[in-house]
Every structure is written in structure tokens, then in C-alpha cells.
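In the two assemblies presented below, subunit A is common to both, partnered first by subunit B and then by subunit C.
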Partner chain A sequence: MPIIQKKICLLGAFAVGKTSLVQQYVNSIFSEKYLTTLGVKIDKKSLQIDDTEVKLMIWDLAGEDEFMKIRMSYLKGSSGFLYVVDGTRSETLDTVLMLHEKIEHEIGSLPFILLLNKSDLESDWQIDMSLINELTEKGWQIYKTSAKQGDYVDEAFIQLSHKML
Partner chain B sequence: MYQLPTTVLDTLIQHILKETTAAWLQIEQATGRLKHKGGILSTFGLEKIQLDCIVQEQATFLEGILSIQECPLNIDSIQLDNNEYADLYLIEDTQKDQWIILIGRTEGSRWKGLAQQKTNELQLLQQKTAHLDTNKIDLSNLLGILTLEKNNDNSFKILEPTPGCFGSIYPETLENFNQLHPQEDFPFLDHFLNSLPESWEEQDNQRIKSGPWVEVNAQN
Partner chain C sequence: MPKETLTDCDNKDVSASDASLDALRHLILQPEQDKIAQLQQRLDDTASLAQEISHILPNAIEQSRQQGEQLSDALMPTVEDAVKASVTKDISTFADALYPVMGPAIRRSIAEAFKEMLQSLNVTMENSFSRQGLQWRLESMRTGKSFSEIVLLRSLEYRVEQVFLIHRETGALLQHIAIDMEADSIQDADMVSGMLTAITDFAQDSFDIESQSTLDSINIDDLTVLIESGPQAILAVAIRGTAPENIREILRHALELTHHNQGYELVHFEGDAAPFEESKPYLESCLKAQYKEKSADSEQEQGKEKKQLKYLGIILLLFSFLFAGWSYHSYQNRAAWHTYIQQLKKEPGIIVTDVQKIEGGFSIIGLHDPLALRPEALLPDAIDITQTNIQYQLEPYQSLLPNFILQRATQLLNKPKQINFSLNEQGQLIAQGIASLQWQKETQQSIRFVTGLTGYNDTQVTAVDLSTFNAPKTVTLSYDNKGTLSATGTAAKAWIDATMIQAQAHADIHHYDQSQLTSAEQIQLAQRIKYIEALFVLFKAGSATETSQMLNDFALNAIHELQSLAQVLDLKIIIHIVGHTDTSGNRRMNIKLRQQRANFIYQFLIDAGINAAILLPKGKLALLPMTDSNKKYHRSVTFQIKQPAL
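Showing the complex of A and B:
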């Protein structure tokens, strides 16, 4: 079976659940405690897509805020991105939209999926669903995920792998 | 860079080395095999790394770094397989060998992490307070109301965040919020929607209420 290695990056504001999504996907674990990510952490997981083994090298990058900017050099060599938004914080969607624009300009157009994370707290969501609908109409693929419960986490990684092949 | 006398330079280097934990790997680029290694490898969880073997196969972070074929590369505070932190430099020499240099940063990263953690927690608190200040109450969520708008193709899209209870009542709202077909899952709704054109004609396009209704799924 042919093996293909792909680098993907999880991007988004701080505390949206990027590390939790990786931990849920790679190790099937979740921790309630919020621990900020420093710099870069690389994990890997293999999956089978049709007749190909895809080895995902998953780069979990420190979240973006007004003081810490994601270094574009860390994104070089990527095959795709998972943008992560915390549904309970509308500001985090603005961060993703800004990041996406910057990446399209500096790195180019690559496959991506938008994850609206914390779907287990959907009753507390603050994001503007009309904006989400607009993005869907523009062709953005969007999943409502819960790193806590594991909802649609595997599906998101698998779908991104499909898009990268 | 400013010129330094050799004596000063040597002293500076000795001082830096005394304060720094470092290790290096020399990799034959054509084969990916480890040619030489040195420094305090155990700090970086690389004490068992083997010469003449493929470097990528010996640690996940090395696999991640070397698989993307980007050289030179500098990463500040990469978390290693042993959960220590290092600054990582990947460079290429004139013989086309690649070198990985690791400089220990665990102590500094702990302090930086603590500061960043407090900053983030403060920002989260500020964001929550800002939402409270606007006195914005999400009535849809509070009352458990799902608002849908009909698309031209008879499907529906969700206009407001879905109240939590709908995740179990109508799981499709969690996965497809732009093209739902609730009339296919709820027969009463199908009947109600089909009767709407006639009802509107009779009632001068006024709001039509269905009244309360109950659906029982097949498993129950």
C-alpha cells in the first residue's frame, strides 16, 4: 500500500481547543483543564484513504492573540489546515477569517476545513450563524466538533485528508 | 556584526556554553541516515538515537521537521517527545548534509508558559465580561427555539445558534446547518408546510401557528 505523508496545521485563536482536538483524535483523551500551548507540538496519526495510507504529521501551533502572532514560516510545507473556532466566543471567528486571508496571501490556497468547536456547549454559542451560512455558501466545509465528546473530530481529519489527496 | 578580539569571543562562547544545554545531529541528506551526533542528547530524549539509521524514524518531532523538506528552518520552543522544550535549528552545510541543533529551553518556557497562561485567562475573562456588559441575551437559546429559513430548493438553513436540546431531538442540526430537511423527519411538519400556501391565501398572509405537536421516533 502506498504511504503518503502530509503536514497539517491547526490554527486559531488561543483557548479554542486546538490541542484538545489533537489529543482527542490521536489519543482519544480529553482534559477539562486549559493549558496554553507554547510554540509547536508535533503529533502523528496514520489513516487509510481508499488504497493509500496517509500519515498525518499534525502541527499544533500556539494560538494567536493580539500579543502572539503565528509565524508564517511554521506553515511552510503544509498540505492543509484545520481552522478552529470556539463557538462560545465570536471573536475567535474573526481571528480565523483574518488568519485565512493572511495565509491565502502569503502561502497560497490550500485545502482547509473550519471547525466550530465546543458543540457540547452549543446553547452558549455566540457566533453569528448568518456569517457561517455565508461561508458555507462560499464553499467552506464546516464541522461542529466537540473535542470533549469526540463529536465529528475523526470526520474532520478524515475529510481534510480526502481533500489533500 | 561588530568585531570582537579572540580572547573576548572565547570567553563569551565559554560563558554561553556553560549556561546552555545543547545537542546536535548530522544527517546525510540523500539517505536520511544519522552520520554523527553530539551534545547532551538525553536532555532532548535522544539518548538512544542510533547512528546509520534513518533519523525520521527515531522521534516524532524529527519526523515532523524532516518530512517537510524546508531548510533552513528555525522553531522557537518546540515541544519534544519527552515533553521538554527546545529551540530547533535545521541547517544545511556545503556537503549537503543537514544539521539539527537543539538548545534547551524548558526552564524559560515554563516561565513563559505561566505568563502566557495568565494573559490568556485574563483575556478570556475580559471577553466574557464584555459580553455581559452588552446585556446581550440569546433568547433563542434561553427559550429553546430553533429558527430556520426556507431555501429555494425546499431545504432549510439555521439562522441562530442551535439550542443544546436540539442536538438530541434532531441530531442533523449538528452536522448540516445549511441544508436541512426537517419535513422528512417530522411528518406533522411536512403536513403543516404543505398546507401553508392555502392557509396563507385564506388568512391574508398572516402568521400561521401549528399549535403544539408531538412526534415519537421509531425506536420508542
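Showing the complex of A and C:
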């Protein structure tokens, strides 16, 4: 079976649950401290898509906020992105939109998926759903995920893999 | 200048110029034109050209080799294809060509492998017992690594342990090799590769380094990660120890080869690392290792250490002998103790409940029947009682084993020698043999004090040993255990008399019943008397000395026996010798004749040895009624035996 390696980056604002989201789905040998020191932690997840084994090298990047900016050099060579938004914090969607714009500008158009995380707290969501609908209409693929319950996490990885191949 | 251009120009000029100019041009340019023509001919003639190139090619190749390995790299794919084609076409050609080199190559490879193994083994052996070796052993225990691993690490100058070929842009791992792919220290190479890329990116970003420059090396303890960057790929190697400067050359060369041969794949990398399997040989060339050379000083030092170790070895050997001796002695002692305790446990009448170790020895706790062997008697020679403190805490008890019950009964009942004790299945004591009535009585009283008995049977015990009377077969003796001895049958008077005395003397014979006992001599006496009284000595008519039937030897012997029996029986007997005559003739003469005949036999018997005191001759009339048939018996002598005492 052929093996294809793909680098994907997990992006989003600070504390949206990126690390928690993938924690139970990946092989990991590095500790969380790399995120605060290097700003990135690399995990691996293997999936089988049709007759191909896709080895996803997941670059979990430290969340972007006013104190820390994402190192764009970490994004080079990526084949796709997973944007993560905290449904209970509307500003995290703004961060993702800004990041997406920056990436489109500096790196180019690459496959991506938007994850609206913390779906287990959907009643507390503050994000503007009309904006989400607009994004959907623009062709964005969006999943409501829950790191706590594990909802749609695998599906998101599989979908992104399909888009990258 | 191209020839076509010159010719065109010349044609144009011919039409416009005069012949002199043409001649001048011919004069000036003809030699060059000839040379060009010659060159053209040489170029067109491939055979000639090949011959010329063959002259310069070896020199050109040699010069190219001296300049670098570009020619080798350029030729490699062609040569490889040629070899593949040759092997595919006919394998025997290649096999024949390789045959002479295969053997030596294999031998050399094996020799190299042995050399490396021996070198490693030598280092291990040399360091096993040295001071340094001991330090390394401690380090091995401290770090949890094996001793051989520590020896290898400390005796290595350097060793390239892992090689990563990483795609520069994506950080994807293209190829990874390690000296031991199964080693615990080998982490997931994909993630390590990604992280190395991230770290180099981080370093570049953080210190604003030029994009083509990159992190050079990472040092952690005795591990160095050397990073060699190419335009499309990064080569990272993990080196244990101090790497020499030229290792970078090796890395660079391997990376260059990879770029050279797989440049297209690197540029168009889409995540498939399979094509980079081809780069493996280049990466393997990076797996270098070098052992530390021994300096003269260190050899001298080692020599000194070896000498010290020699003495240390001798001391250790002596200690080992002493320890072995002590261990053997200790083992023997323990084995002897074990055997002794087992023997004690098996010994009847001893119960070992516990053995406790006390200072300098052991304490044995349990029970002991006083009738059993003393435990000290079972001590084997191997246990030195002068060196071992043995304490016995044995409480007395009475064993119910049959032997012990019998021993106890023997002691308690004061068993006579002629009594045998045995136990039946019901636990009853069976006594057999001879014992006094007194003992029998006492035993019946004290039998209940013997532990372990369910009853007592003494029906086979008698107070009198009848065999001591030596009774003849004709006599039956019996004793009734109430003090009466009875004798029935016939016996010699001597035995009867002796038995009487013996019975009277026996303490347990209170009454001797011999009413049914007859003396054999009395019977014989009666028989002799009867025989002798039937005898007749016949005389001729009118004669007192001439006999017609005298006493024969048998009759004479009977009289002797009678005399003897009377003596034995202490009986006073008188043999009356009675003379007879018939009635014819003179009565007076007949009386005289009767007396004479009696006297004649009287004298005869005296002459024959019969005691005269028991003989009494006398004349008597015929006893029988006179008839013709018994008339001759009237002239006779007969015998009558009187027992005055009876």
C-alpha cells in the first residue's frame, strides 16, 4: 500500500481547544511544553483513504493572540489546514478569518476545514451564525466538533485528507 | 567562421571581382581552407574520430576523477543500466566475471566483521576488571544501560547512530536509517524529523538568519545532531561522541549525491517517500564509527593496573578459596543438620515440633518418650558438638507405638525371663511362658497401670515348668495353676521318687497327685513272680539229685531279676523252694526225699548267685490233685514267693 505523508497545521486563537481536539486521536511523543517554547508540537495520525495510507504530520501551532503571533515559517510545506474556533468566544472566529486571509496571501490557497469546537456547549455559543452561513455559502467546509465528546474529529481529518489527495 | 558564409560571399565576389583578387584570396586563405577541410573530414570520419578520442579519453577520465566525482556520478546510471541489461540478458557472463572476486570479497567481509567483533570484545574484556571498568559498571547500574553499551559508548571516539533525510520545505521524513532500528532509543522518526524542521525554522525565525542558512548542529550531553542543509533536503545525523571534522564532508557528499540523483523527486515531492529508498546507500555511507586509540601512557598505566590487578586477583582468589571452603563446610553442616532433624523426626518415640536457630546453634523443641533413644545418640559426626550449641527442649510423653507399649509393660510388670509379651490386633497384652503364681497375681493387679493396653490375656502362662520334671513318655504331667501337680501313667520308681522330691520342693506345687501313677518295677516284679511260681524242676523217681527237667538259663535269669527288682523296690521277698514227691513208696522216705530235693535246688540257686537269705527250702506234699498225666510233676520242686512286707 503506498504511503503518502502530508503536513497539516492546526490553527486558531489561544485556548480554543486545538490540542485537546487531537490529543486522543494521534500518536504523540512530545510534551505540551514544546507549544509554549517552540510554539509548535508535532503529532502524527495515520489514515487509510481508499488504497492509500495517509500519514498526517499534524503541526499543532500555539494559539495566536495579542501576545504571540504564529510563526509563518511553520506553515511552509503544508498541504492543508484545520482552523479551530471556540463557539463560546466570537473573537476566535475573527482570529481564524484573519489567519486565513494572511495564509491565502502569503502561502496561497490550500485545502482547509473550519472546526467550530465545544459543540457540547452549543447553547452558550456566541459566534455569529449568520457569518457561519455566509462562509458555508462561500464553500467553506465546517464541522461542529467537541473535544470533550470526540464528535466529528475523525470525520474532519478524513475529509481534509480527501481534499489534499 | 562558418564555411557556408565564406562560400556564399565568395560566389558573390566572383561575379563582382577580378581574377587577381580571387588569386590573392586563394593565396591568403587556401592553407586555412585546407585545414578546415581536413578537420571536417576528421569529424565526418567516425572511425577515425573514435580512434582519436580513444587516445585522449583515458587522460580525460583521469583528469576528471582528480577534479571530483562528477564523472563517476554521471556515469553511474549508465553503468548501472548496462549491468542490469547484462544480468537480464545472460547472468552467467556476469557470474563468470565476478567469480574470482566473490570468494575473496566474502572472506574479507567476514574477516572485517570478525575484526570489529574482536575489537569490541577486547575492549569489553580489557575493561571488565579494570578500575575504569568498575566505574563503567557503576555507571551501567546508575543509568540502567547494559554494561556492554556503556563500554561501547566510552570506548568510542564517535559513532553515527541515526541518519535522517528530511524534505526541507515540508519537514517530511524521506529516509531514515539507524545502526539498530530496534533500539529503545529510536523514537518515531517521522515526528523527530518534523520537530527538527520546526527547530531549524524556529532558529531561522528567531535570529533572522538568511533563508539558505540553517541550524548547524544541536548538542545534548555526548550526543550531537549535525545538520547539513541542501536546497531541497536536509541531512541530519545523530552522533554519539566527538565527531571528526571530516564527517561533514561525508554528509555533504551524501546530500549532494541525493540532490544530484533525485533532484526531480525532491522538487516535486508530494508526500511519497518511496522513491528515496534509492538514497539509502548514500545515507549508509554516513554510518561511521571510530574507536579510541590507546596512547603509550595509557598502555603503561594499564600495565601498572594489570600488575595491581594481578595481586588483587590473587587476593581475591585466596578469599574465594576461603569462602568456598567456608561455604562447603557450612553446606555440609547444614546438610548434616537437615539429615539429623529428619532422622529425629523419623525416630520412634521422638516428636520434633520446631527447630529454632539460637546463638551459635539450634534449639530442638518437641516430645520424647523416656523409652526412646536419647536424641544425642543420633547426632552425626559431621556436626561438631563442641562448636555447635544444641539445646533440647523435649517434654516427656508416652508413645502408643506397640514396641513402646511392650517395653513399658516389660519394665512396669517386671517381666520374668520365661515370659513373652505380645500385642494382638485389639491392643491386648498376650503373656506366654512360665512365671510364679505370685507374679501372675501381681501382674493382674498392676496391668491397668500400663498405658496403651486394652486388655490382658495370661491363659498361656503357667507357674510350673513341667519340662523340668523330665517325665517319661509314659507319664502325663499337669498343673492347674491352683497349686496341684498331677501325674498319670507308668514310670520308673527312681523317677517317681525324684519327682516327688522335686514337687515337694517347688513353691507353687502345693499338692502332688500321683495316685494314677504306677511303678514299672512293680509290674515287672509281678510278672517275674508269676513266671517263677509256674516253674517245675522234675526229678527222677526216688532221686533227689537227678533231674529230668532242670532250671534253664531263662528261668534262672528270671530269679535273678526278681531278686534285683525286690532290691530296687526295697521289698523283702522269700522264695520258698518246695520239694514234692509222689505218694508211692514210704511216706517217711518221701518226706525226706522232698526235703532233699528242695535242698538240692536251694544249693543250686545259691551256686547260681542267688542270695541265700531270700531262699527257703522246704518239703511239701504235692499241690496238685494226683492224676496219671501229671504224675511226673509230683516228683518235683516248685517255687512260691512270699512278700512278708506286703
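Note that in this section the second predicted complex is superposed on the first by the 153 of 165 C-alpha atoms of A that agree within 3 Å, B and C clash if a C-alpha of one lies under 4 Å from a C-alpha of the other, contacts with A are read in each partner's own complex, and residues count from 1 in each chain.
Convention: a residue touches a chain if its C-beta (ideal position, glycine included) is under 8 Å from a C-beta of that chain, and two chains touch if they have at least 3 such contacts.
In this text the structure is predicted, and so the values were computed from the model without any measurement.
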Partner chain(s) touched by A:His162 [first = subunit B, second = subunit C, both, neither]: neither
Which of subunit B and subunit C A:Ile3 touches, first, second, both or neither: second
Touching partner for A:Lys76 - first (subunit B), second (subunit C), both, neither: both
Touching partner for A:Asn27 - first (subunit B), second (subunit C), both, neither: second
Superposition-derived comparison: subunit B or subunit C, residues of subunit A touched: B
Subunit B versus subunit C as contact partner of A:Tyr152, first or second or both or neither: first
Touched partner set for A:Leu38, first subunit B, second subunit C, both or neither: both
First, second, both or neither for A:Ala15, with subunit B first and subunit C second: first
Common interface positions of subunit A, toward subunit B and toward subunit C: 5, 7, 34, 38-40, 42-44, 57, 59, 73-74, 76-78
Residues of subunit A touching subunit B in the complex: 5, 7, 14-15, 34-44, 57, 59, 62-63, 65, 67-68, 73-74, 76-78, 87, 89, 91, 119, 121-127, 129-130, 132-133, 136-137, 143-144, 151-152
List of subunit A residues in touch with subunit C within their complex: 2-7, 27-30, 34, 38-40, 42-44, 55, 57, 59, 71, 73-74, 76-79
Complex interface listing, subunit C residues touching subunit A: 167, 169-173, 187-188, 190-192, 194-195, 198-199, 201-202, 204-205, 270-274
Residues of subunit B defined as touching subunit A within the complex: 60-61, 63-65, 67-70, 73-79, 85, 109, 112-113, 116-117, 119-121, 123-124, 127, 131, 138, 141, 157-165, 167, 174-175, 177-178
